[in-house]
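Report on the structure given below.
Chains here go by letter, A, B, C, D and E, matching the order in which they are written, and residues are numbered from 1 within each.
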Amino acid sequence: MSKIGVFICHCGENISATVNCGKVAEVAGKLEGVAYSTDYKYMCSDPGQTIIKQMIKEKGLDGVVVAACSPRMHEPTFRKACSEAGLNPYLCEMANLREHCSWVHDKSDATTQKAIDIVRTLVEKVKHNKPLSTIKVPVTKKALVIGGGIAGIQASLDIANAGHQVVLVEKEPSIGGHMSQLSETFPTLDCSQCILTPRMVEVAQHPNITLMTYAELEKLDGFIGNFKATIRKKAKSIDEKLCTGCGLCTTKCPTKKIPSEFNEGLGFRTAIYVPFPQAVPNKPVIDKLNCQYYLKGKCKVCEKVCPTGAIRFDQEDELVELEVGAVVVATGFNIMTTSEFPEYGYGKYPDVITGLQFERLASASGPTLGEIRRPSDGKIPEKIVFIACAGSRDPAKGKPYCSKICCMYTAKHAMLYQHKVHHGESYVFYMDIRAAGKNYDEFTRRAIVEDKVNYLRGRVSKVYEENGKLIVKGVDTLLNAKPVEIEVDMVVLASAGVANPGSEELAQKMHISYDAYNFFSEAHPKLKPVETNTAGIYLAGACQAPKDIPETVAAASGAAAKVAILFSQNELSREPVVAVVNRSAPPLYSTCVGCFMCATACPYSAIGEEEIKDRKGNVIKKVAKVNPGLCQGCGTCVAFCRSKSIDLDGYTNEQMYSEVMALLNE
Amino acid sequence: MTEFEPKIVAFVCNWCTYAGADLTGTSRIKYAQNVKIIRFPCTGRIDFMLLLKAFGEGADGIIVSGCHPNDCHYTSGNFHARRRWIMFRGLLDLLGIDVRRIQYSWVSAAEGAKWADVVNTTVTAIRELGPYTDYAKVANYLEKEANV
Amino acid sequence: MNELIQKAKSLLESDTVQVVIGYGKGSADKTRAIFLTKPEDCDQLLFDSRCVQNLAVYLTKHEIKHLGKPAIVAPIPVLRSILQLAVENQLKESDLVILGVSPESKLIEFDSFGAIELFLNAYKIQIDEKYKATIDKIKAMPVSERFAFWIKELEPCFKCYACRAACPLCYCPKCTVENNQPQWIPAASHLLGNLEWHVMRAMHLAGRCTDCEACYNACPMGIPIHLLTKSMLQDVEEHFGPYGPSVGKRNTLSSFNPDDKESFIR
Amino acid sequence: MKLGFYPGCSLTGSSREYNESILAISKVAGIELAEIPDWNCCGATAAHNLNHELSVSLPARNLALAELAEMEELVVPCAACFNRLVMTQRELNENESLLAIVSEKLQFKLKNNIKILNVIQFLEKYVLPQLDELVKKPLNQDVACYYGCLLVRPQKVMKADRFEDPMSMDLIMQKLGAKAIDWPFKTECCGAGFSVSKTEIVGELSGKIVRNAVDRGAKAIVVACPMCHSNLDMRRPAIESYLKRKVDVPVIYITQAIALAMGLTPKQAGLQRHFVPVNLSVTQN
Amino acid sequence: MKKNELSQNVRQFTGVDVVECYQCGKCTAGCPVADKMDIRPSVIMRMLQSGDADSEDELLRSLSIWLCLTCETCYSRCPMEIDIPKVMDYLRQRSLAEGKVHKEARDIVSFHKSFLNSIESNGRLHEVGLVMDYKLHSGNLLQDMTTAPGMLSRGKLHILPERIKDRKGLSRLFKGQTKNKKS
């Protein structure tokens, strides 16, 4: 016979205004197995908690139901109180009388009856509760940062400066990301590379940071504090220890016409290459898909000219296993390409370019050394149109969201153009100017007022080529929707920021959630902006949604702080809500029959095999076994198990069954 | 004549619908008293037998609700649940167990108003269908036998 | 037929297997399962259209396992069950020798589960039109009538569990009905308990059943419980695409597709 | 092989040559086109401008007749008719109450599942596979393929690939030995139904199209729509008065181009019926 | 008219919710006849959004709704996938029903009416009959006198109409119309 205590909270008047708390306490007191029942104005207050603690001791309670607010609010409070009184905290349950009853119904007998039903249900649950103990897990104080753009760089430096080891993995041959491609940055117009490259060098030289470029995450297992990451280091075909970065190989390589990724296809690179002069590390890799030797088996010019003999054609991908305690995902974003715009020519007009391509044209290190020249014939465009919201805020193109950065960079582009082509004429077609940020609106105003950029409110319907000119068919919606046709030399699309290709697979590898646009989802949009739903994995920067540089850096530092907080502990405690496979007396040993449907359904790969042996050591059968460190307690396996051999602590079959029975049987 | 007040059990997940129902409370949106919630960690945990048991114990209607696709706290519990529901619903329908009495929904932690709406429309719908006497007759057969 | 007998003999003679599970003459005009441990007994083996029992059920039975490694006479329904058992980790290739029997009564030997799967590709599970029509007819009834129909059909069930015993996929050593904490299914046979048992049985076979009809054939009361699993097979196909056991693939219900479609969740 | 065929009014009158040429090439390709018995006008622009129900019920009658004749696929060469039939099919599939009204008036329960092919889809599916063998006299010309509105829009219904720059006709023309030029006016509107009532608008819109094609070196404009054809061909005076210059580029149906390449005579292709004379050089071999 | 009367009817009869339009103007930018319109497509959407009775009346009296060629360019490029041509169809029918057809659009309406008359009596379009009927109704007696002889000589005109057999079935379609009236 259980001895359960029921404690009804008035929550000031929040509950008692519509629920007759005294009546609930009275009825609860008569329930089978209830040894004590009372109501009180504020259960969560000190005196309230004292009542609970006293009664646990006085009545020798073996279960507690606190009928108050949502367990999402005060479950930890009351469990702690129980534990202080010597009762296992997991023998305490909360009945939600406030959010689920008093606040959503008017005062009536039916409301009080519902409160009674809820309490009765939880009393029945508690009768089947078992004492549980929190799970302790150690913390590996090493972080994995995925992505070496500004977000990954900032997060790595912050974590490293807090005194922890960091492994920074970047898929390209160099760190730097999109920020290294930018010409100048808004709203200060300071040179992007000038502020970024010192940070890149700092990463390379930091004693706490291990840099792995040309590498990708292959697999991530484990859980907070105890991840096991497998990194694929792609073969660079170079012995990095021998290579001095002299660059002779890149000047002699005969395959010179490969569109440069760094220059967004506006320039060329060789097959053995360093993406850009300031690259970190400044050592080349061989692009196997384009190298003559790999394609045709002949060439090896680089090998011949290399003064240190560092070329390794037989190098193979290497898989490295790392144990890390936390992961920061900083994989960044991408933008829509011109080919995704049917109405602007499907990418067939060379002088219709993206904003990122314009950055390369405007950059001093770019293919035109900073002169604005159009890709088709290298002429300086006399007239140029910038189209904002190209793809963004466009549900028909699958991107209903605002990409956030385009208004600012378009203003910057127009400004840079006016600064570089003084006699030029620039037009910006926009829908709204979204320049919320420190000194941002002033910046866009400057483009209009000082640099005489023509802003037209309206979207462009079509761009086509006619006699070497681009005809832009737009509209000025502020002029009674007057159709506007402008003949220009170049069109720049402020194309939407999108998730990186492959982010879906990456998210699945890491078991983190992602939104409908494949951006990674934060755990809470307001209060947990850098956490993911998987404990121990954090987000930094534009892999979450388009972000500008300051926002990205802030998020990166935020994620780094979260990692540092995690690493400040030696051990972590976890709720003991985990699945357990049953054990029974021989000859069954366990009713589990080893079909492993649970294992295939488990989102965390937390279910493995266990061999059950007899005394002589012969294997009798294989059954499922839950790794409590990996199990997150969803219970999906439990609902799959046909023989009810697996159960979930905290939400056992008996508990849930009794709740249903109690709820429906007054 | 007093109106028929259906008994409805809601099986909801902790992270989305339970939290969404909390938000309904915090927002003081009123809804019918007929629905009582049982909290599960995830829709993936909800055993189909519990639904059947609820009808057996006299429920007139059932709500099953959890996180929207792609929003599962455990990444895929709701996807598994959805498959199970699709199969379960088909079977119940074949057996003539009234599938209109089970309302499935996705209610996120942010959809307090949607929760109130799901509850109210379900209560109205069940009220229109009336008490689940077909099932009760079968269930009561058990009691009759026990009384003999 | 000779071919099969010779093969069985040689397997026992060489001690490759210790028991041959096959069909033999039963009472009256029926056939029954026989378990041969001596080569000379192999002449009792027969195979014809009367051999409808699903022998795969014996592969997971304790008593049979004790006899040693088996060879099993396996027409198509048995092959399907073997494959499904393999998917569920109940059989390994080295556990048994499969004496496949083609629809033309030809002996086919399979050296791997993959080979069975390849062979079965030509014999996809297909619900008979007459069953489809029956299911459609039931579905067309008003809901109350449908419920009454089934309650009446299920009423004679006295929980003998022959359906369970005959099903190759009901191999749990302790069935949920034997579980009393909680007591999911009442032990006694009465309307509600019968209904609950059959719902549970069908749900446990969802996405696993290979449509061998052993349950129906075994039912002493002739309850058309196979209609439940057949209807669910149709549902699987409709919602999740063509179905059939496949090595290395998950069961329909322990997998999912983020784009699974339904129309009833609001 | 027998396919359902809905010529539509234009093909019996002002666009006879379209009808003649599609029948001629089908014969060569061994395809029988069976006309829907007792078909009626689709209602065209007039119906959907003035009377929504008629804009659905008129095409629906034809669909019903086709179903009665057990046609599975229906070839509709006129782009306007095609558009109306497809839009009707979609609307009836989406709007049950309208389907009920229409079914009652037709006294016929529509299954509404017939596959409707426009001329390009028809050519791609049935003629293109044999074209390599059937081309006897390759066309050696620069042509501009003009698709107009109705074959590609609304994109949500027509689901054309590259709806802003379609290529299907271009590919067929290349098979015939012609060079299809790249030009930006492939899907601009010609003025459509204003041919009679607002001829000056047709002159302007069609004028821009013709000018662009000519300026880019097209020696012929290839079309697949009677309305486009009559606007570009018959309304040439209006076009010329808008452009303030004389343009003699001929406008031919894609079926006529195929007929010529198959070695049929200009008369078999119906070229004599055009206002702007057609003088296409064909490589002799 | 009450506030929002027209936009509510638009929603009811076309399924288009004009509130979805965020006034980017792409429809107008691509419209082949926008420069000839008195009210441009995006402004039409805005006027419907305003729900203002004067604006709605102005809309029904506009020339624009008759100039729309249903070329579907706006719909194909609309980021919000708003079916503007369908809205135009509805507005035309309302304008006609309320006798608010713009005077410059009367020839267009006459043409369409003649067209439907031709179908109603023959089942198929009789081009000669259509043009004659149109000329009588529009008063543009001399229009197109130049093309007709050419068409005749090219065998493109039939003097007598082609008629379908099932005239009864056809006339059912024209009778008892459920009109898109005000609700």
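The criterion applied here is as follows: contacts are C-beta pairs under 8 Å (C-beta built on N, C-alpha and C of every residue); 3 or more make two chains touch, one makes a residue touch a chain.
Computed from a prediction, not measured in an experiment: that's the story for all the values here.
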{"item": "Common touching chains of subunit E and subunit C", "value": "A"}
{"item": "Steps in the shortest chain-to-chain touch route ending at subunit E and beginning at subunit B", "value": "2"}
{"item": "Chain pair, A-D or D-E, that carries the greater number of C-beta contacts", "value": "D-E"}
{"item": "Centre-to-centre distance between subunit B and subunit A (centres being mean Cα positions), rounded to whole Å", "value": "32"}
{"item": "Subunit B and subunit D, separation of their C-alpha mean positions in angstrom", "value": "55"}
{"item": "Inter-chain centre distance, subunit A versus subunit C - centres from mean C-alpha coordinates, in Å", "value": "45"}
{"item": "Contacts with 2+ other chains: residues of subunit B", "value": "48, 53, 70, 76, 80, 84"}
{"item": "Multi-chain contact sites of subunit A, meaning residues that touch two or more partners", "value": "343, 462, 601, 640, 653, 657"}
{"item": "Shared interface positions of subunit C, touching two or more other chains", "value": "184, 253-255"}
{"item": "Listing of all chain pairs that touch each other, if any do", "value": "A-B, A-C, A-D, A-E, B-C, D-E"}
{"item": "Partner subunit A, residues of subunit E touching it in the complex", "value": "22-31, 34-35, 40-43, 73, 77-81"}
{"item": "Contacting residues of subunit A [partner subunit C, same complex]", "value": "584, 588, 591, 593-598, 600-601, 622, 640, 642-644, 653-654, 657-658"}
{"item": "List of subunit E residues in touch with subunit D within their complex", "value": "13, 32-33, 36, 67, 69-73, 75-76, 81, 83, 85, 89-90, 92-93, 96, 107-113, 115-116, 118-119, 123-125, 127, 131, 134, 138, 143-144, 146-147, 150-151, 154-158, 162, 164-166, 169-170, 172-174, 177-178, 180"}
{"item": "Footprint of subunit D on subunit A - complex, ascending", "value": "342-343, 345-346, 348, 462, 464-466, 471"}
{"item": "Touching residues on subunit A, where the partner in the complex is subunit B", "value": "70-73, 96, 98-101, 103-106, 108, 110-111, 113-114, 117-118, 121, 511-516, 521, 533-534, 577, 601, 603-604, 632-636, 638-640, 648, 650-651, 653, 656-657, 659-661, 663-665"}
